[in-house]
């Protein structure tokens, strides 16, 4: 099974062209979702069109690169598309970054061990040694790379070397270091962070404390792609839970941990299933 | 703007055929959703395929019946489809049935008055006179048709006469009479009821009392198409709200009313927007 | 039935003292809720204690003022309490302020007409004439007080005159004018506003547009007491609803209206039932 | 810190009597919650009163048994109370029963290891050997007790021997065997089961399949005390998650697992914190 993601200026005929192309190559469309930033615009060419298709190539022995080259020529060039075909059998590689809190990490490891995250977990990287045993117990390599003050570049250089060809996706599962913009650039729209508030409320440090101080009646968590601006990248998924005056900051952390786990697991899965397309600072999520 | 709903045995090429047809007739697809009961089945022909398209006919002066006839010949016959094209400009007509509780009715009237329900409200029918003033205040005709014991057929005959050509949809907004199967047959998959529980829990009478007795921690409401079997028709939408040991039956009714209003309003709107396809005793809801 | 709200420095014996007092006066406690900002603090006297009691005076012909004077001497003085006894039979008076959007207003009027809001609705004040008919249809006086540029004080003077003895609570049901701090001071912790975002996200104008721009996956509403600082007063209640990339700003407004209605109705009811105690910039809500 | 749970016929003076007793023994009430089946009943003596108190005995060297004997004489006898004082320092012992599904078990083990479940986990019992390694990795004894056809009594006899003095609570974390009523009687209101539906919908086997067949739009989970009648015991906690026509039975299982984990963890915690009082076939949950 394969998936096609498409993004281009909106215009008539895209669906027909793509579905014809696939039909003529023996592919059977098993799922299709589309979105236009404004389907009723009078200037459709100023709008952006997004599409996600799942298809099967049941009787085809068509090599992937031939299909791709053919798609480029017959379809993509014509509509000036950004596009990507990925094959479900080619598992994406994922690296998880973590510091000391284990809840987000363990949720991912556990779901992965149940085949709920379609990925090859290539490594866990941490600036602390604490979680090594928990990680290696799942058969995943654990790399302890401390990030000393003023030596972030050196640490990141080590990380980049390890990540070479080993990470299509990086998940920050409560990794408490800020990555340099150089690092972020190399993995643009491929680093997912879990933030422990319903962004854009409570950006920055200690969001649960901020939430307690403000007296909100809901706390939440946000999974987003990392960009240069802290806590401001495209949001993939969010959720909340009710709280009252009774919960102290520690209780909020505990309740919030449960939301963080779920929100991050959903966002990572959707990314791995090619359901997320970044649209400037927002996301289109086809679920 | 128009909408196409399709249902047929699953098979390759449907999307290509339909999108080509529309493209060749100058139509621009603005939304597309599809579903197969099992896209990865080895016997696709045993599976059912559902599709909903929205399209615009910007420059076309094609008469509706010509488009329909052409679609039948060029597409529908080939795939043995059940299908329907509806035009957004042709408002569906809706009749609301109600007894004494006003909350579900008022929510619909109020949303309709805000243009949130794309329909022509043709009438409200009630077996009680109580809500006449509330209804006529919205400029909607109100018909009081009492249902006396043993004379249900006569009452329904009166209703059917009123409904003739005046109702594409009937909404039971807490209408406390059971319709005869004869009546139900005439409006198959076109009568929406709101039931005040999360079906299939608490079928039958007094669901809030049943909920209190059972000690559930959530109460809910269910909007479903009416079939011959009471409270067993295809579910369109459901929602719930948390309750505790503190709420008495009266409190449950009050909390539940709020859920009933929302669930019914969503279901009615989705029906009016041609988002619901019945699949045996279930629904496919394209939202 | 009566309610007692208490607030004082935390210390041992408060529950015993109060319950003895009530028992000795023939009162039967039917509900009791308490909260301490930190019950396990080593310096309890630095913590604040809050309590809400409901009690019945079944056989008592004790005049309210006698009970109050007695409570002050026997209990309140001893613990240096802030406190209030209110009688369910003495309905609070509520004035609603509104501009042009009717959804929050109508929800309140409608719930009030169903006896779901225990209050005497004394008036609706609006800076626009549009909603007069809707309001007077419920038998409530409607006052149109335009707020012209640079003449806010004059307008507020008119309002204050109308409100004299007629408002224990003011509800801003989408009232689009900012009240002067002078006005706010006079009704401290007695003005409830509904803000159309999950504060503190999206303070200020056009929160739905802000939400769309930021690409959040949840939109919400917040009911809070009005203070001098815009959108920063103590939060009483919040709720959210899921949205996706598909909803435009107009859709967010429509979905959000439904949340606004529910959140405001809950907050107003809780205030009227003496369930809310303000604690600096937060609330204790006993539900 | 200690907790007092009380249950008796409703009558005036209970709060005063208990709070005086505690005050006179130097105890400081840090939390108090109460409930009456009908506080406004004209026959209060026919209603049931429930109360939960948390209190501290800061300067007291009063032995537990002296306090208890004194409470019995001074308070409980007078009101004919059922009551229990438990000390937070005396951890309850919990045994978990499981079959092959690991999600509910692992959630409990993981929360316990984070100190989120205040209990001494004495053992895990399973009718299958599969989860031994996962359990012993947490340092918990694992007992494999197969339940062969027709030999359930023998198996339960083995279990009962192991449980002797080792279990104040038994949690069925997807244990697929039905316990005999003899076994259930011995641990009345001390066996918590997680059922994978929002009971009373879909009692019995394969609830996710039943849910798919019925076409519900919400699936849920229910934690309840086990009684002789299958799936009919007092409900402690429930929650739901939205689903659509797209999810197959396998997807429902996966989504549902997440709800099961949360609902069971909450119910177990509330039980361990003495927050749940059984009232016939319902529960009063003080949270």
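List of remarks:
The letters A, B, C and D name the chains in turn, as written, and every chain counts its residues from 1.
The working rule: contacts are C-beta pairs under 8 Å (C-beta built on N, C-alpha and C of every residue); 3 or more make two chains touch, one makes a residue touch a chain.
Computed from a predicted structure; not experimentally measured.
Of all the chains, the one whose CA centre sits at the greatest distance from that of chain C is A.
When the interfaces B-C and B-D are ranked by how many C-beta pairs touch across them, B-D comes first. Here the spacing of chain C and chain D, counted between their Cα centres, is 36 Å. Mean C-alpha positions place chain B and chain D at a centre distance of 41 Å.
Residues 1, 12-13, 15-16, 19-20, 22-23, 28-34, 36, 39-40, 44, 54, 56 of chain D are the ones that touch chain C when the two sit in their complex.
For chain A in complex with chain C, the residues that touch the partner chain are 35, 38, 198-202, 214-218, 220, 234-240, 244-246, 248, 279, 281-285.
The residues of chain A lying in touch with chain D in their complex are 103, 106, 110, 114, 116, 137, 254, 258, 262.
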